[in-house]
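Chain naming follows the written order as A, B, C, D, E and F, and within any one chain the residues start at number 1.
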Amino acid sequence: MSETVLLYESLRLMLIGMGIVFSFLLLLVGILRLMSWTALRLAPLPQTEPAALPAAPGSGDGVPIAVIAAAIARYRAGRRR
Amino acid sequence: MDQLLKLWQSMGIANMDIGQAMMMAVGCGLVYLAIAKKFEPLLLVPIGFGALLSNIPVAGIGGPDGMIGMIYTVGVETGIFPLLIFMGVGALTDFGALIARPSTLLLGAAAQFGIFATLIGAVGLNFVPGFDFSLQDAAAIAIIGGADGPTAIFLGSRLAPELLGAIAVAAYSYMALVPIIQPPIMRALTTAKERRVVMQQLRPVSQLERILFPFVVLMLTALLLPSAAPLIGMLTFGNLLRECGVVERLSRAAQNEIINIVTIMLGLAIGSKLSADKFLALETLGILVLGALAFCIGTACGVLMGKIMHRATGGKVNPLIGAAGVSAVPMAARVVNRVGLEEDHHNFLLMHAMGPNVAGVIGSAVAAGVLLALTGP
Amino acid sequence: MDQLLKLWQSMGIANMDIGQAMMMAVGCGLVYLAIAKKFEPLLLVPIGFGALLSNIPVAGIGGPDGMIGMIYTVGVETGIFPLLIFMGVGALTDFGALIARPSTLLLGAAAQFGIFATLIGAVGLNFVPGFDFSLQDAAAIAIIGGADGPTAIFLGSRLAPELLGAIAVAAYSYMALVPIIQPPIMRALTTAKERRVVMQQLRPVSQLERILFPFVVLMLTALLLPSAAPLIGMLTFGNLLRECGVVERLSRAAQNEIINIVTIMLGLAIGSKLSADKFLALETLGILVLGALAFCIGTACGVLMGKIMHRATGGKVNPLIGAAGVSAVPMAARVVNRVGLEEDHHNFLLMHAMGPNVAGVIGSAVAAGVLLALTGP
Amino acid sequence: MSETVLLYESLRLMLIGMGIVFSFLLLLVGILRLMSWTALRLAPLPQTEPAALPAAPGSGDGVPIAVIAAAIARYRAGRRR
Amino acid sequence: MDQLLKLWQSMGIANMDIGQAMMMAVGCGLVYLAIAKKFEPLLLVPIGFGALLSNIPVAGIGGPDGMIGMIYTVGVETGIFPLLIFMGVGALTDFGALIARPSTLLLGAAAQFGIFATLIGAVGLNFVPGFDFSLQDAAAIAIIGGADGPTAIFLGSRLAPELLGAIAVAAYSYMALVPIIQPPIMRALTTAKERRVVMQQLRPVSQLERILFPFVVLMLTALLLPSAAPLIGMLTFGNLLRECGVVERLSRAAQNEIINIVTIMLGLAIGSKLSADKFLALETLGILVLGALAFCIGTACGVLMGKIMHRATGGKVNPLIGAAGVSAVPMAARVVNRVGLEEDHHNFLLMHAMGPNVAGVIGSAVAAGVLLALTGP
Amino acid sequence: MSETVLLYESLRLMLIGMGIVFSFLLLLVGILRLMSWTALRLAPLPQTEPAALPAAPGSGDGVPIAVIAAAIARYRAGRRR
C-alpha cells in the first residue's frame, strides 16, 4: 500500500471509529438511564425512609435531627457500602 | 587455558554489544523515573528491571528458553495478563459516579479522539523517510492516547508485538505525566468563570443499579462490538465480583493477589521487549512524539466536549471534568480537582470527575475493539 | 461501504444465533440465583459470567484461542484446578468430629448410594427415545449425588467433558438447594422421638491423631483404590498442612490465595462448557432430574443408615445426622442442626453432624475412584 | 452395547461400587480406631492433668473449681487450637 | 468376575513393588523430620508428601499425565519455580549489614570452598566401584555445600535432573542440621579469646545505598558472569521491590503470595523425583556423605577466613562470624550468635553475622554460575 | 573420560572456580565501598542533623539530650524503615 492510500484508509478509519465510539457510548447513556429508572422502580433507595421518619417522633425539635439523619442516609447510600 | 578461554567467552563484557549496554541504561533510567519521580512505579519498576535482565548478554533471560521469555509467551502473547489486570481494575473501580450521571460517558467518548487523530499522525509519519508503519502498527501506537495501560498492552500484543515495549513504556510514562501535560491545556481552553462552576451533588446509586451496570455494558458490547468483549468482559466481571456483595473472597483475590502477581510478571515480560534493535530505532522516537500528541489532543477534546455540555446544560457542567475523560484513573480526576481548586478553594470536583474518568476506561476499551475489528488479523 | 459491511459483519447481532442468546440468558439466570438466592455464589457467579462471556458471538472467548478456552485447557482438562480446590478444602476442614467418632463414616458410606442408584437411572433413561448415555456419561452424571463440587468436576472432566457444564451446574445448584431438598425427607423417615435424641459429647482429639489421620486415609487409598489417590491425596495434603502446625504460611496459602484464585479460573472455565449445543439438549433435562433424584436417595439412605445405627447403639445416635452424609459441607450439617432444633430447642446436633458430613467428602471421593477404576479409560 | 446390556452392566457396577465404598469405609473405621488407640498411648491428651489438679490445692472448696478447670481443659482440647 | 479381576488389578497392593513401598516410607520419614524435628518444614513437608503421592502405584500422580508431573514440567524443568523463590528471598532479605561492612563478602567467598572441595570428592567417588558421576553430576552435588535451597534446585534441574530429588533432600536436611553440624567445627578452629571478640557497632545505611545495591551486584554479574544472572537477577529484583519504597503491593506479593504458592508446588514437584530407582541407589548414599562433607568444609573455611580477617584487622573481627558465610539464612547467623554468647553473655554477634550470612547467598549463586558456565550444556 | 582425567578436570575446575568466586566478591567489595562513598556524598544520612541540633536549644543540659537524640536517630537510621 502506498503512503497516500494508507493515509486515506486511516482517515476513513478515524471517521468510522469515532462514529462508533460516540454512537456506542451515546446508546449506553440511554440504556443506563433506562436501567436506573427500572432499578429504582424495582428497589427504591433506602433514603425514602427518612421521609417517613419525621412523622414518628412527633415534637418540633425532632425535625432538624430527622433532616440531618436523612442527609446522612443519603450521603452514606451514595458512597459504597 | 582452554577453560580460561571458554570462561572469557562466557563473560558478559566479551559478548555485550553497544545496543545491549544502551538498553540496560534505558532500563535503569525507567527504574529511576519510577522511584525518584514516582512515574507509575508499579509498572515501570518491573518493566525497567525486566529490560535490564533481558539485555544481559549470553544469559538469554528474555529469550525463548529464558524465564522472562517464557512468561511473555504464556501471559502476554495469549493476552491473558492484561485481561487479568483489567479484571482487577474492574474489581477496584467504583462506577457509581458514572451511573449517577451517565451523560459523562460523552466526555469519555470525546477524549478518545486523541486515539484516532494519532492514528492519522502515525500513518502520516510514513511520508518522513525512515518510517514505515503499517495500519496495524499505527492503530497500536494510537491506543497510547487511551491513557490506559492494560488496554494498550492488550491491543499492542495483538496488532504490533514488535512495538509493544515502546508502546507500553510510552503509555505508562505519559499516564505518569498527566499532572504536567494536562493543566496548561485545560487552562488554555476554559475561561476562569467556567472553571469556577460548582456542580450539583451526585445522586445516590442503589446496589441494584451497581449490579445491573456490568451486565448492561457487557450486553451492549456483545451485541455491537464483540471485538471489545474480552476487555469489557473482564472489566465488568471484576466489577460484578466487587458489587454483588456475595463473593467477598473472590473480589479480594481479584483486587490483590491476582493483580499484584500478574503486575510483576507482566512488567518483567514487557521489559523483555525493550531490545536494542526494536527500541533504539527511529520508530520509538515517533511513538514517543505521537503518544504525547495523543494525550494532548485527547485532553483538549475532552475539555471541548465539556464546554459543549456546559452550554447545553445551561452552565451546570464544569468543562474541566472533560479532561478526566482520557482515563488514567484516578490521576486525571485528581488533576481536574486540583485545577478546579486553583480557581475556587471550596469547589471539589473530584467526585464529578470520576464519572468521565471511568467512562474513559470504557471508552478506550471500545476504541480498542473498533481498531481490532477494523485493522485486526 | 466495504468497511461498513466489514463492521456490520463483525457485530454481535449479525452473528448471534438463538442458542447463544439463550445460553447468555442461562448465564444471567445462574448469576441471578447466585446473588439473589445465595446459591453457592462463589462458584455460580464465575460459572454464570463465564457462560455469558463464552457465548458472545465472534469474540470466541471460550474457544481454543480465547482466554477462557486456554484456562480450561490448562486447568480443567488436566484436572489440576479441582485438585487444587480439594487441597484447599482439606486445609479448611476440621476432621476432629470424624476422628472422635469414626463410626460416622458408615453414614457417609450409605449416602453414596444416591450415586450408584443414579447411575442405574441414567442408564435406564436410554430406554427413553432421545437419550443415549454411555456408561461413562452415566457415571459422570451419577457423581452429582456425591454433593461435592470439585469431585464432580474432576470426574466429569475425566469421563464426560462434553457434559461437564451441565454436571457442574447441577451439582452446585443442588448443593445450594440442600436446605430445601433435605428436611422433608428427613422428617418423613424419622419419628419425633428419634429426632429428639440427644447425643453424647464428642471426646477431645489429640494433635497426634489429627496429624496421623491424613496418612491413614491416604495409605488405605493407595493400597486399595489408587484411582481415588489424586483426590484423596490432595485432600489429605491440604489437611496435613493445616494440622501439622509448622507450615502456617503454606496452610494460609492453600486456604486463601490458591483456592480463591483457582475458584475464579475454574468457574469461568466451566462456564465456557455451557454452550447451546451441549446444554440446550434433552440430556441436560435428564441430568437435572437425575441429580435431584440422586440427592434425595442419598439423603434417604443416610437417614436410614442413621436409624440402623440408632437401633444398633441402643438409641445413642440421632438418625438425623445421617442426612449430613451426602457431604455439601457445612450446609448439610447445618440443616441437620436446624431440623433437630425444631423438635428440641436445646439439642444442638451441629458438631455431631460434622462427622458424617466430612465422612461424606471422603465417601464421594472414594465413590469417584471406584467409578473411575471401573468405567474409566 | 444395547440398552439392556448396559443396564445389566450398571447394576453390577452398583453392587460392586457400593460394596467397595462400604468395605473401604468400614475398614477405615477400624484403622482409625486403631490409630486413635495408638496415638493416645503415645501422646496422652493434656486433660489427664486436671485429674492431678484436685490433689494440689488441698482444701474442700477447691474441688468444684478443679472440676470446672478440667471441664474447660477438656472442652478447649476438643476444639481446634 | 471379570470386573472383580479388573478391580483387583487396579488396586494398589496388587501393583506395589518394594521400591515404591520404601519410597513411601522415605516420604513419611521426611514429613516426620519436618514436623517432629522442625527440619525446614516449609520445604520438607511438601517434598515428603510429594514423594508419598508420586510413589502410589497405578495412580501415576508424578507421571507425565499426573498433576505433580505436570507441575514439575512447568515449574522445575523450566527453572521458573526456584527463580521465583529467589525473588521472594530477595524481597525478604535485608542486605544492610553487608552494605555497612562489604568486607564480609570475603567470608561468604571462603565458605564456598565447601562446594569445590565436594566437587573433587564426588569425582573421586568414581574410583569406588558402583559410582559413575559425570562432571555435571558432581557439580550438581557439590552445590549442596552452598547451603542454599533454591540455588541447589536451580542448578540440579539444569545439570542433573535425575539426581534432583536426592540433592534437594540433602540440601534442606543439612540446612536444618546447621545448629548441630557447625558449633563443634567453630569451637575446634577458634580460641576462646577469639570467640570473645566484641565487634564494632555497624554504621547506619542510607536508603540510596540500599536502592543502588541490587544494581551494583547485578551489573557486576552481567559483565563478568552472565550464567549467574538469572539467580542474581531475581534475587536483586526482589530486593529492589523491597527497598525502593514505592511498590509496597508488589513487595508484599513477592514476600507472601508468590513464595508461598510456589513453595507448595515446588515441594510437591521435587518430591516426585524421589523414586525408588533414582533414590534407593548407592549414589544417594554418596550424595548424603558428600553433602555433609561440603557443609563441614564450608564452615571450616569460613571460620579460617574469619581468623585471617581477625589478624588482618588487628583483632576487630570475631572469626566465628565466618561460619555464617555458608548462607542457610538466618539459621547460620543465629548459630554464630549462640556460640558467641556461650563465651560472653553480653556479646551479641547476630547483626555482625548477618553480613557474611547474606554474602553466602550471593557467593553460592556466583559459584552456581561458575559451575553452570564451566560444566553446563 | 576415565576417572583420572575427570579428577584432573575437577581439580582445575576447583582452582578456576574458587578463583572466580574470590575475584568476583573481592571486586564487589571494592565496588560496594565506592557505591557507599558516592551514595553518602549524594544523599547524606539524616544523622548529620543531630550535629546541628545542640546549637539550637542553647543551654548546658540540652547537650546530653541532643546526644541521645543523635544516637537514637543513628540507630533508627541503621535499622530498616
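Just so we're on the same page, a contact is a pair of C-beta atoms (placed from the backbone, for glycine too) under 8 Å apart; a residue touches a chain by one contact, two chains touch by 3 or more.
Since the structure is predicted, the reported quantities are computational estimates derived from the model, not experimental observations.
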Chain pair equivalent in interface to C-D, over half of contacts matched, among D-E, E-F or B-F: E-F
Chain separated most widely from subunit C, comparing mean CA positions: F
CA centroid of subunit D to CA centroid of subunit F, Å: 58
Centre-to-centre distance between subunit E and subunit C (centres being mean Cα positions), rounded to whole Å: 41
For subunit D, residues that touch 2 or more chains besides their own: 13, 16, 20
Shared interface positions of subunit C, touching two or more other chains: 3, 7, 224-225, 245, 257, 374
Interchain contacts, given as pairs of chains that touch: A-B, A-C, B-C, B-E, B-F, C-D, C-E, D-E, E-F
Touching residues (chain side subunit C, partner subunit D) in the complex: 94, 96, 98-100, 102-103, 105-106, 108-109, 112-113, 115-117, 119-120, 122-124, 126-127, 135, 138-139, 202-209, 212-213, 216-217, 220, 224-225, 245, 359, 362-363, 366-367, 370-371, 374-375
List of subunit C residues in touch with subunit E within their complex: 78-80, 83, 211, 215, 218-219, 221-227, 229-230, 233-234, 237, 240-241, 244-247, 249-250, 252-254, 257-258, 373-374
Subunit A-facing residues of subunit C, complex: 3-4, 7
Interface residues, subunit E side, partner subunit C - complex: 3, 6-7, 10-13, 15-16, 24, 28, 31, 34-35, 38, 41-42, 45-46, 49, 52-53, 56-59, 61, 66-67, 70-71, 256-257, 260-261, 263-264, 268
In the complex with subunit B, residue positions of subunit A that touch it: 1, 3, 6-7, 9-11, 13-14, 16-18, 20-22, 24-29, 31-33, 35-36, 39-40, 42-45, 47, 74-75, 77-81
